[in-house]
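Consider the two complexes below, in which subunit A is the common component and subunit B and subunit C are the respective partners.
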Partner chain A sequence: MSIEAREARQPWILLSPSLTAITLLLFVPLLFILVYSFWLRTAVGDVEPAFSLENWRDAVTDPFYRDILLNTLKIAAITTVVCALMGYPAAYFIARARGNKAFLLLLLMLPFWISYIIRTMSWIYILGTSGALNTTLLWLGLIDEPIQMLYNETTVILGLVHFLLPFMVLNVYVSLEGIDRTLEDAAGSLGATKWQSFLQVVLPLSLPGLAAGSLLCFVLGAGTYITPAVLGGPRDAMFANLVFEAIITQLNWPLGATLSLLLLAVLGTLVMVYNHFLGLGQLMKGLS
Partner chain B sequence: MDNTTRYQRLLERYRNGDLDRRSFLGLIGAAGLAYGVQTPFARYARAQEVSQVRFDGWGGIVSEAFREHAFGPYTAATGIEVVDGTFGGGDEYLARVRTSQPGEFNIAHLSGVFDYARYHNLGLSVELNEDNIPNLGLVIPALSDAFRSISGGPLSCVPYDYGTTGIAYNRAYISDEEAQEQGANLLINAAYEGKIGGWNDWRTRIWYGALQTGQDPNNIEDIEAVWNAVREHRDLALRYWTSGAELMSLLAEEEIYVTEGWSGRIYALQEQGHDIGYIDPPNGFGWQECLFVIAGSPMEACEELLNFMLEPETSIAVAEGQNYPPALDPTQVDLGDKIPTLPAFDPTGTLDGLTFAVPDYWNGNEQDWSETFSRVARGY
Partner chain C sequence: MGWRAIQIWTVLVYLFMFLPIVVVVLLSFNDSQFGSFPMTGVSLRWFEELFQNEAILRALRTSLILGLLTALISTTLGVLASLALVRYNVPFRNAISTVLIAPILVPEVVLAVALLLFLQFLGVHKSFTLLLLGHVIFTLPFVILVVQARLMGIRRDVEEAAMSLGASPVQTFFSITLPLLTPAVAAGALFAFTISFDDITGTLFWKPGGVETVPTQIFAMLRNSISPEINALGSLMIMITAGLPILGMAISRWLSVRKSRQQAK
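Here is the complex of A and B:
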């Protein structure tokens, strides 16, 4: 075998464990889910092998699913904007900090050491009627009786921001770190103020990081199940909650499979649009 | 069960016409291959040697009582280990069972006759040999009869405890008189908007919707009126709780003042010193729990374990731990001092004072009502 042929095969040999794992753990289960989506639920909750488009027709045409999907995308979008507004200054601060970047990054990563569910539930003890915030406000005499802050869409968004903010900060931070600092000096030497230098040099160059962070936050936010289940009121459901209910409560695995594929398709389309305009390279950089 | 007995049963099924010739020969051949050849499949055959039985329950103090009073003595007497697992909810557990291999899960502490019917309808039930469970004779007959009516006579479970889902209220804000007077309508009293809770369970929501519209929950004639009552409650409610722990937390922290609640959990709150009242309105929701044997389990080992779990000492310890009366007939067994004080306890052993859901009626409407509730809960 020639050296060229061996070199051509080498990447595939190295990649084969990953490709095998992805095939077996992602594509094969997805194929099963796809097959399930054409099956039917029997009266007793079992599944009946068939080739029916009934689940797809319901999922696509029923206004109930459309409205919940749109509401899910809306909540994910609001969460992403809040994460961007809060995350950019934090990332900028870390990127421009002198000497203690490792410590600041460690602080940023600390929440990941605690379970996401525990972090979400912690808000109950902060925002509850006898939680930390109400107790403090009562103690300070700023309110006469506890304010009802929990179990609404705002707390769902708050919980999502808490979960997703580190992803945004890390992406923007990586982007800011890659900017040549001498460009800012050059802008200054040409008469730009610090604000002008930021607006016209730093911000445009860091936009790919901001976009990558936004994509991550949006996709993760739109697929979440725990946060609305823990912090939401009766009406505050996101699309993943419907998938859970279809599969677990209603024993309707075919419909649950269809809904999960629908959500995957919508989010996949968004990722493809992102890739078309910005490329996934920046996202990979942020994740590395 | 030894191999000879297993093969004899296979032969019996074949002779009775329950197995065709090809399946019979295939099963015999597969068993021979599994035993004769040391392949990865042999472990399935060895699993039938019964060195362990798996039990799944709600965890916490109930599992502790089972471990101390039933599992330990059972293992000492039989040499069979009990693997003690837990689950967070019946629906989630059913999903796990459906995706498992036969025999992987053996006995589960299931809620209500609904689950019994679902497991039976999905082909997950067995026929218990009641001669191997002499303590079943101590159980209130009405509880067993409810299960027998579903599976046509034989049992796939033993009844274990019962309780009610009544109305719990904070006495600091709602008096006993007001609760008694309003009954189920307390849950849709606009004066408590934002301080009302409810279980995120379609059956409970519909049951109380029926009571609020003056209908028999086991024979609803105007379901649209019920859905409107569910909507009314939804719009007044702060939160649909999803677990007993959350129910207790919401009431104890005064996030809500009134909700329907599980009798045992409310009793636990009262024991902790919270001033929470509890009433069962007329036609309040009665239910029972059982220990269900899942298809594919080693039958004799499971039956023996069930008998240990039904020992009065074990049943009473579990009941006192979880605050639900045991299924034991109080006219036959001395249940001690605490159990007669528990909510829902029936000293007559007839359970005539409780209303249970008719499983055929509710399971017959399950698909439609559970899907509709999902929509109604989201504002439809």
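Here is the complex of A and C:
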């Protein structure tokens, strides 16, 4: 074999273990559950190959699933907006701080490394009936008995914001760092106020980062089932909780396959639209 | 909005991020029976109880073994793939990159369901193997992203020098490339271990009955009642998961300092 041919083969040898693993453990399984979603669960609980649209009809038309899907998208949207409002100024501060930027970023990354379940659980100690907030309010004499603040939609959103905020800040920070600072000076010398130059120069240039952060927050938020399971009440189930119920509790796998594909279709469309307009490159910048 | 306002806002954001974590650590040293406020005294008793709790210790062992194996496999695959992407002119680079990070673009629940149903169909039931395969596929993209970023910084001419002096490609890899790669490999492995150690979404789908990892054990305990041992466990996990990266950074710093000293000699 010629040297060129060997040289050309080498990267494929290096890539093949990863590509094989992802094909066999992600793409093939996804195709499999697509087929599976047309199969049927028999009365005895076995699954038999068939071609039936029953699962899809149930998943798409049943108002129970539809309401939860809409509610999930609503919760993810509110979470994303709150993350943007909280995260943008913080990212701006870090990007423009004169002090130790690396330290500020490291501090922000720290919660990333801290267990998701612990971070979610910790809100119980803050908002629970014997949590920090109630204890303080009681001690101050502002209330006579503890208030029930947990297990509702607001606490689910709170937990999600706490989980996702670093993703937003990092992405916005990366795009703010990439902006040429002289542009702001130029705007200033042409008579723009600080606020004007922010609105017309900095904000538009940082939109790719804001979009990448928002996509991550939305997709990760809409796919979660731990946060609503820990911080939500019985009526705050999100779509992923339905999938879990169908697969683990009811053992209705064809239905579970259908529901997860529905979730994938909705969130996948979003990712595709994003990729079409902005490309996934921005997303990877923020992730690494 | 003035700079001052932005500054205050940022402080509030950091407080929001850290307050809950501080509370968990604080409560883990609380003497009280109930694992909640008010603090009645400082004590290490919940840490002692933690180390006598068989279920928790078993979960800790499972999580450690799973995390280490995941890190080993994921890092091996990830380093090879990253080398291919950084070192060679691969055709269809963008498409390949997208395929490699696909496991994080697909919602984890969907990945979990697909893998579970497919392997079940093949006769691989819920087991440690399934857990391991799931964790590998889920951590692989993160390893590739981190290792790729680190690899960009390594200069190729050192290897070329070794080869021109007569070293074989294999010799060059083991005596030149690998030592230079060490920080990237360590960062990738650390990332894979931490993500595996922390994973709960996929794990709840893949784990066989009776087997718990630390996060699923905490999840199960939360459903009953909050026991103060969870706080001690949480505190411990905060120390492990936050301590490891800091340790990793310290080590890589120490290595680079040592290297520059050797070069100075």
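Keep this in mind: the second predicted complex is superposed on the first by the 268 of 288 C-alpha atoms of A that agree within 3 Å, B and C clash if a C-alpha of one lies under 4 Å from a C-alpha of the other, contacts with A are read in each partner's own complex, and residues count from 1 in each chain.
Operating definition for what follows: a contact is a pair of C-beta atoms (placed from the backbone, for glycine too) under 8 Å apart; a residue touches a chain by one contact, two chains touch by 3 or more.
What you are looking at is a predicted structure, and each value in this text was computed from that prediction instead of being measured.
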Side-by-side fit of subunit B and subunit C on subunit A, or clash: clash
Touched partner set for A:Gly128, first subunit B, second subunit C, both or neither: both
First (subunit B), second (subunit C), both or neither touched by A:Gly99: neither
Touched partner set for A:Leu108, first subunit B, second subunit C, both or neither: second
Touched partner set for A:Pro17, first subunit B, second subunit C, both or neither: second
Which superposed partner A:Gly87 touches (first subunit B, second subunit C, both, neither): second
Touched partner set for A:Arg235, first subunit B, second subunit C, both or neither: first
Which of subunit B and subunit C A:Ile248 touches, first, second, both or neither: both
Touch count on subunit A, higher of subunit B and subunit C: C
Which superposed partner A:Tyr225 touches (first subunit B, second subunit C, both, neither): second
Shared contact residues on subunit A - subunit B and subunit C: 124, 128, 130, 229, 247-248
Contact footprint of subunit A on subunit C as seen in their complex: 1, 6-7, 9-10, 13-14, 16-21, 23-24, 27, 34, 36-38, 76-78, 80-81, 83-85, 87-88, 90, 96-111, 113-119, 121, 133-134, 136-137, 140, 142, 144-146, 148-149, 194, 197-198, 200-201, 204-205, 214-215, 218-219, 222, 226, 230-231, 234, 237-238, 241-242, 244-245
Complex interface listing, subunit A residues touching subunit B: 41, 43-46, 64, 68, 124, 128-130, 148, 150-151, 229, 233-235, 237, 242, 245, 247-252
Touch list for subunit A against partner subunit C, complex: 7, 10-12, 14-15, 17-19, 21-22, 25-30, 32-33, 36, 86-87, 89-90, 92-94, 107-111, 113-119, 121-126, 128, 130-132, 135, 162, 165-166, 169, 195, 219-220, 222-226, 229-230, 240, 243-244, 247-248, 253, 256-257, 260-261, 263-264, 267-268, 271, 280, 284, 287-288
Subunit A-facing residues of subunit B, complex: 89, 91-92, 94-95, 118, 121-122, 194, 198, 200, 202, 234, 237-240, 242, 249, 253-255, 363, 366-367, 370-371, 374-375, 377-380
